[in-house]
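The same chain A turns up in both complexes below, where it pairs with chain B and then with chain C.
After this line comes the complex of A and B, so read on.
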């Protein structure tokens, strides 16, 4: 890789910023003497959460190089899903609004990028326009849609996607059911993204951007407003939260994320058709968000990773030699469904919150069993446990 | 009442179907006054409360509020626009925000007087940092005020009912309101909690905060209010000082006709 060195360097940016931000979110923990010692970059590195983030970033950067070439496309798919799911998880987990039609925004992003590129506009412009188009469409249709709640909103978003699929399938300028072919490769400042590996890095950068924006939004004034309106729109409204505007903003922001992923997808595959954005894809995004853990930033990544890999494995297993003809269907529907049911039954909060809770319990047990267990430390421990719980709610 | 009016309700009516919940109610709350609105069940107290807070729109009549140096009509404004004008609310049912710490719950209260939005938050602009620090400090002060400082970083969901009400008061105070509306704040509280709440309201009253207190419990009101408005079946049947109200025949009839005063 000659050019991607700059690519990797620009990758180095977001993780450090994330780390600084992660360290900065600790004005509260600083109260306890135990946490006071936790300041300073060296001490910060020892904290398990920061360590985990750094390790994750390092692994993410190494992965496209280490993986066999045949697995890189799976990684790209996984990361693209993670981008969409991060936005969806913010919409569902923080603001309490459901969208069963998020693949529609993925579609809008993809078609926007592809149409601009195939009409001779620069490809980078297509990529920039993809999230904007999706966000604008969401802001417009969100005005009537977001008056609905719960199941009604879910079905309305689903209907929106069905309508969009129909429209796109019948228009000449979208290529109808056949779709758009020959989408050129993305070129930014003279560098052409041509290999799967380059798209893996591009998607990673986009995911990093999306995660940072989400994290910054949820841990802030608007984020508190969103979480407040998820519980009670009436109470949030009285506290001065412009509920309608906030719901529109978060809907549009999450649609913008989906549009960004769609834009990358268009350049990556070079071919689009309505069939690439089925309703099932929307369901899959919701499943990923729920399995990973709603209301957590990392849950989206975990959910996207687990579901993408699971589907991939089940598919490989089903089509392996010696398997009966019914194996693919049984595996990709029955076993997949069963696993989902099991996760929802036994880890109803999703993977990441369950894992965080387990980790906190383990730490608390270890501390209380330790030799330095005097009462002030135990008090500080209780406070820290609560902090961590709150932080988990806030979404780390 | 020589002081300027903070809130003026004129001939306010609101019907649900054919039934008037509030009919031709007029009242004026002076700056610094603590006004109680009492009445038996179904008197229209909560409807009046919601008409002032912005959760209901009146069928008829107007609500004016002193914003800046003159009275402005607010009955067509949304609830959050009224919150921005300095009206804060304590609900009867504990409407705390789930999955948030006590501190975060209180910080939401500051929404009414802070500005930074999605863009400054996403980009972590200086404005975000400035406001966040100020909001956190104010929220901690408000928590201190209601005696919940120790709960700051614990989940609000785990608070006992009395403290949940107190937390709501803290949230309202974090908005630095000019008019505080309280909907049956003492309902469902134990004697000790009720006493603590009464002392808190007395403290706010002493500081000159204008309050409108919707209450069922006459004894609670008599101690706290400067003036009392009595509603019965949606209509206003009396207004005066707590002493005047206690001797009012119409009020006695309304209360004793249905149930004895608490």
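After this line comes the complex of A and C, so read on.
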């Protein structure tokens, strides 16, 4: 995953610093020797990977039909989160920028779609305008905000969301704290999306689009530039990367994804209020991105899936008979907190990169256990084992 | 005039609590380079603990002291998670403190429920220039002034305070002269917890707190702290007071619901202005 093979070399940069940053802040996988090594057997790996993608797509297409009707809304929630988290993961993992206010863009998308639709415009126009509005807002506020870095940007985005929530809650035309009701169903070319299943397919299509765009951006020249600037803006700038423009572009793009998800959400629920987009939702997206593994599409999908399903389970457990009324909240907060702390401390690269590293380590061990193999992959594989071993030693 | 005095004093009192939160943030950030997202949680824990202890019959003073110590213990726990493990980068530690904030939500809901709580502070009021002022305002201002004076003395006059300062200015050199940097990080977190706790017990009689009040507390505290670049106490104090007064004036003369917007916009403006003062090169060189 995410292994555009050539860029490992094209990125010079100060090596120690790059390594340090790669290990800690942005787990840009391509920079470690492990990833260099995977260069060789990439061709062999490709086939099972394609098979996995095909299988996943087939499963995703079948799911809305196979699942019991009561579970389809969970699937829609999961997919919507996955769309947002894919963008956020790209922003955090590749551009090294933290956003604690991504639910704000979700809100902007949702309100754009809902306002257009309730004012008599065609609903498809609302859906198309949702990501655009979010991206434009991000581009505008990004000009001052993206001068900030690290924790400052985190707080700035959080502040932006708090301001937006406050303002939306005061305005007449947004319906104030009560919100907007009676958003019509989405209708495209005469087909009305009315059932949860139809929204599941719509969201799936949107997610597919988002994933394809993300993969292409990441594998492109700007993607390499982003990875470089996540490590050191100064080094990237001196190497000719247009730092400001790229940061702004990826910020807008990830906001656009969130806006798209928000637009679908508006038509899906038919009701919006500022309370549907709390600050906690922004934190939830960050939790999903971090737990799944920053800077990987698979990580974003896995993080969204794990957290959504976990929350669903906890909710069922918490609302079971004999549980106190606050049990769902307590359980979900506790599990959130524990998961986040444990993953950041013990699996800092996130679930998916850690799992793939483990898998490749296992393969390497099995291969090096056999008769001497002098293909370049084997030599590199040993290096990979050592690197992974060091990482494991650090983990214990 | 009487209105103005009223808004000024109540703004100063609230500003003092922001300044105390900010000082905790600064103390922790100076020593460990970690921005502690759980700082608002310390205030919530202390405020709610003090309320429970008071209703359990403990006298004023003792209840608050125990609550502040509880917040200090919470600070130590957060510190152990955030910087106890070697090699945790400040960025990761920020996310760890975010996670601890969630854990704290769970614990707080179990103990205190989800509704906002408060407890009676110093009763009574005084008339100054025609304004009717609660005595609690003056208690908050006085206590905050004392806390800041004590903090200043601690950092300049005591060995432990100087050791913390050494870690802040150069962790490597501090280690070379035999200072245990990790332990100093834990000390800083405990101190941050105590400062957050002081803010909490002071502010709870003025505005009731619930488990999720911490987001607004931390953003206000951060807004105050950022004035001093998260490293200096003086500007953090000034920032907290300015923020409190500004919010109070907006709420009084304009619209109460916009007060937090003004504070947040102010913080954004300050951050962007500060960022324009130095380049990425300077920032990366100072890491």
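By our rule, the second predicted complex is superposed on the first by the 318 of 396 C-alpha atoms of A that agree within 3 Å, B and C clash if a C-alpha of one lies under 4 Å from a C-alpha of the other, contacts with A are read in each partner's own complex, and residues count from 1 in each chain.
In this text, a residue touches a chain if its C-beta (ideal position, glycine included) is under 8 Å from a C-beta of that chain, and two chains touch if they have at least 3 such contacts.
Just so it is clear, the model here is predicted, and its values are computed rather than measured.
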Applying the touch criterion given at the start, work out whether A:297 contacts chain B, chain C, both or neither, answering first, second, both or neither.
neither
Chain A residues touched - chain C or chain B, whichever exceeds
C
Chain B versus chain C as contact partner of A:234, first or second or both or neither:
both
Touched partner set for A:221, first chain B, second chain C, both or neither:
first
Between chain B (first) and chain C (second), which does A:283 come into contact with in this model arrangement: first, second, both, or neither?
second
Considering only the touch criterion stated at the top, classify A:242 as touching first (chain B), second (chain C), both, or neither.
first
In the overlaid three-chain picture, which partner chain does A:213 touch, first (chain B) or second (chain C), both, or neither?
first
Please work out whether A:160 is in contact with chain B alone, chain C alone, both, or neither, and reply first, second, both or neither.
second
Considering only touches as defined above, state whether A:334 meets chain B (first), chain C (second), both or neither.
second
Check chain A for residues that touch chain B in one structure and chain C in the other, and list them.
232, 234, 237, 243, 394
Sort out for me which residues of chain A touch chain C in the complex.
24-25, 98, 144-145, 147-152, 154-156, 158-160, 162-163, 166-167, 169-170, 232-234, 237, 243, 279-280, 283, 286-287, 290, 326, 329-331, 333-334, 336-341, 344-345, 348, 394
Which residues of chain A touch chain B once you look at their complex with the stated criterion?
21, 27-28, 31, 213, 216-217, 220-225, 227-228, 230-232, 234-243, 249, 253, 295, 383, 386-387, 389-390, 393-394
Where on chain C does chain A make contact in their complex?
35, 81, 85, 87-92, 94-96, 98-107, 109-110, 113-114, 212, 215-216, 219, 222-223, 226, 257-258, 260-261, 264-265, 267-268, 271-272, 275-276, 280-281, 283-284
Using the touch rule from the top, collect the residues of chain B that touch chain A in their complex.
53-55, 78-80, 83-84, 88-89, 91, 95-101, 103-105, 107-114, 116-118, 121-124, 128, 131-132, 135-136, 152-155, 171, 175
